[in-house]
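Going in written order, the chains are labelled A, B, C, D and E, and every chain counts its residues from 1.
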Amino acid sequence: MQLTFLILIVLFCAAISFYRLLSGPHVLDRIAAINAIGIMLLTVLVILGSFYERALFIDVALVYGVLLFVDVLVMAKYFGSPDKTEEENQ
Amino acid sequence: MVLVFPAIAVLISMGIYAVLTQKNMIRIIIGISIVESAIILLLGAIAYIPEGVAPILDQPYDTVVDPLPQALGLTAVVINASTTAIMLALVIKLYNRYQTLDIHEIRKLRG
Amino acid sequence: MIEIILMLLILLLVASAAIALFSKKLLNSIITLSIFSALLVIILIIFQAPDLALAEAVIAAGITTSFFIITINKTEGVK
Amino acid sequence: MIIQDILAGFLMISGVIFFLTTAIALLRFPDFFSRMHAASKCLVGGGISIIFGLIIQEGISPLSLRLLLLIIFLLITTPVVGHALTRSAYQYGYLSEMVQDDMKDLKAGNDSND
Amino acid sequence: MKKINFDKVFSFILVSLLGLFILRVLYSVAGEEAARFTADHYINFGVEETSAINIVTAILFDYRAFDTLGEATVIFTAASVVALLLPRHEASMLKTEFTPVVQQSIAFVLPFLWIISIFLIAYGHLSPGGGFSGGVIISAISILIIFTYGYRYMTRRFNVKKLSLIEDIGALAFLTIGLAGIIAGGTFLANSQVGIYPGTPGELLSGGLMPLSNFAVAAKVGTGLSVIFLSLARED
């Protein structure tokens, strides 16, 4: 029972962070929001695995954590390239 | 469970609307991949029965969800990745040929 | 209680799909697609499909984003 | 048993407070670098607190061992992601007027970006 | 005065009608309590027939292994098409480098990824995972190497020909495992009818030929997706 309240509060935090995803002035702000939302959703996965009391669901959280890391690193590498013009393509 | 089927219908409709009206080719691919994700959600939802457990039987359970749609969905996920890769390769090829991503422009330039 | 969580997740899912499809800039769409897949993974976990959730987390949240980003980089650097 | 519950509850509540701090920082701060300053630290704190609370509530089991692995992984990766993201924002030139650019001379001295 | 785009209005009406139709179909599918003949058979007898705990893996590699063969063929075709189609020119994001902090940390993370992928493949019949997920994590390792240390470093270790060779070996191994079913007197890809060490359900060495099929499919999927990504990021 208390775990579901915990999930609700963490999801509420993720929903607040959606504001920055919706209206970041730049794409880098949105990537920061994605990093935050991703780790919050990772925590939700972990709490769900503990809620159903099956250790199998933690594997999904582990793998998702790995791939979130790869994802955000690729996005960060895209913006580190030197000859980047100011306007992105439409 | 009340909202799942309307959400699936809305997702499929939005994806097909994007495919019909958007001009950018990468955006069309995003629409197609959202339709595919909605179908995976559908396969997960029709396998679920209330109070069922996951089909990994390390001890005997009473109610177990249907494992067959999950296996089919697992096949669908991998094929989605392959088709997305092929579509993106086609986009790169078309961009090198015509120097644009707009599909109407490409249709005009052809010939 | 789990129903309320499911409803909230589905609302967030539809919202992120709308952002991914109808955003102004292309890069925002691709970035939001990874959050869409993450929400889908949680919904599949609630539906008790861990195999499907694992495949979705591996492919749609991880590999496809790299494919899209390298495509965008290749299609803008030619000029 | 009561001590276990109290400790787990305390850790979970502190984790939730960390996450709320992250969300409010993303909502209210004016600048990208201040947002990352708040977000990268509080994300690690929040995630680790909640997972550690779950470990204490669970005791020793296969589930808690996997959670320990996840904690180690989060401790390695999340600061790296914050570093890479902020670094590429600096190289992109996404600076506002508020930021005092201390690395300008360093960047002009050697153009190899190490 | 904004001009109304009749094309968009027409598609909106069409798409909303389509959504209503899909909703009607979905409620008619989900409304009735469908009889679950195959599901009941798989749940009740699956463990003792295939001696694998994870029923989804049992379906993928035993009952319906022919579907898995088709799926592997799709990945093979996709890798071939992408490698054939793409021209050679470099992606500008691969020229830059990360800072040494990131490079050293990724050197810490890579063995972790190998451990996770091999765990997922080897425990595919006991827990979620299996050949596909583990293989995709192997291709994520190659993506991480390309983005961190550059394309040249990756191709010095593994060039495309070597990766394609591993992919072919994986496909051939899967077909050979399938032929074992015919030799034992059953049908093609019938793992449980072969009867090679079924084991007790729940142990690591059980499930007959299922772990071997997992490893073959993982080699195939991992190198196939790696070849796709190497072709997408190819520079000369």
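A few comments on the model shown:
The rule we apply is simple: a contact is a pair of C-beta atoms (placed from the backbone, for glycine too) under 8 Å apart; a residue touches a chain by one contact, two chains touch by 3 or more.
Model, not experiment: these values are computed from the prediction.
The chains that touch both subunit A and subunit D are E. With steps allowed only between chains in touch, the distance from subunit B over to subunit D comes to 2.
Greatest centre-to-centre distance from subunit A is found for E, with centres as Cα means.
The chain pair with more C-beta contacts between its two chains, of A-B and A-E, is A-E.
When every chain is reduced to the mean of its C-alpha atoms, the one closest to the centre of the whole protein set is C.
For the pair subunit C and subunit D, the distance between C-alpha centroids works out to 22 Å.
Subunit E has its Cα centroid 16 Å from the Cα centroid of subunit B.
In whole angstrom, the spacing between the mean C-alpha positions of subunit D and subunit E is 32. Chain contacts: subunit B has residues 10, 14, 17, 24, 45, 53-56, 70-71, 74, 77-78, 81, 85, 88, 92, 96, 101 touching two or more partner chains.
In subunit C, the residues touching two or more other chains are 26, 50-51, 53-55, 58-59, 62-63, 66-67, 69, 71-75, 78.
Residue positions 54, 56, 89, 92-93, 96, 98, 102, 109, 112, 120, 127-129, 132-133, 136-137, 140, 143, 147, 225, 228, 232 of subunit E are each in touch with at least two other chains.
Taken together, the chains touch in the following pairs: A-B, A-C, A-D, A-E, B-C, B-E, C-E, D-E.
Listing the residues of subunit A that touch subunit B in their complex gives 54, 56, 89-90.
On the side of subunit E, the complex with subunit A involves touching residues 92-93, 95-96, 98, 102, 109, 112-113, 116, 120, 127-129, 133, 137, 140, 143-144, 147-148.
The part of subunit D that touches subunit E in the complex is made up of residues 73, 76-77, 80, 83-84, 87, 91, 113-114. By the touch criterion given at the top, residues 50-51, 53-55, 58-59, 62-63, 66-67, 69-71, 73-74, 77-78 of subunit C touch subunit E in their complex. Subunit E makes touch with subunit B in their complex at residues 7-8, 11-12, 14-16, 18-20, 22-23, 26-27, 29-30, 36, 38-39, 42-43, 46-47, 53-56, 59-60, 64, 67-68, 71, 74-75, 77-78, 81-82, 85-87, 89, 126-128, 132, 136, 202, 221, 225, 228, 231-232.
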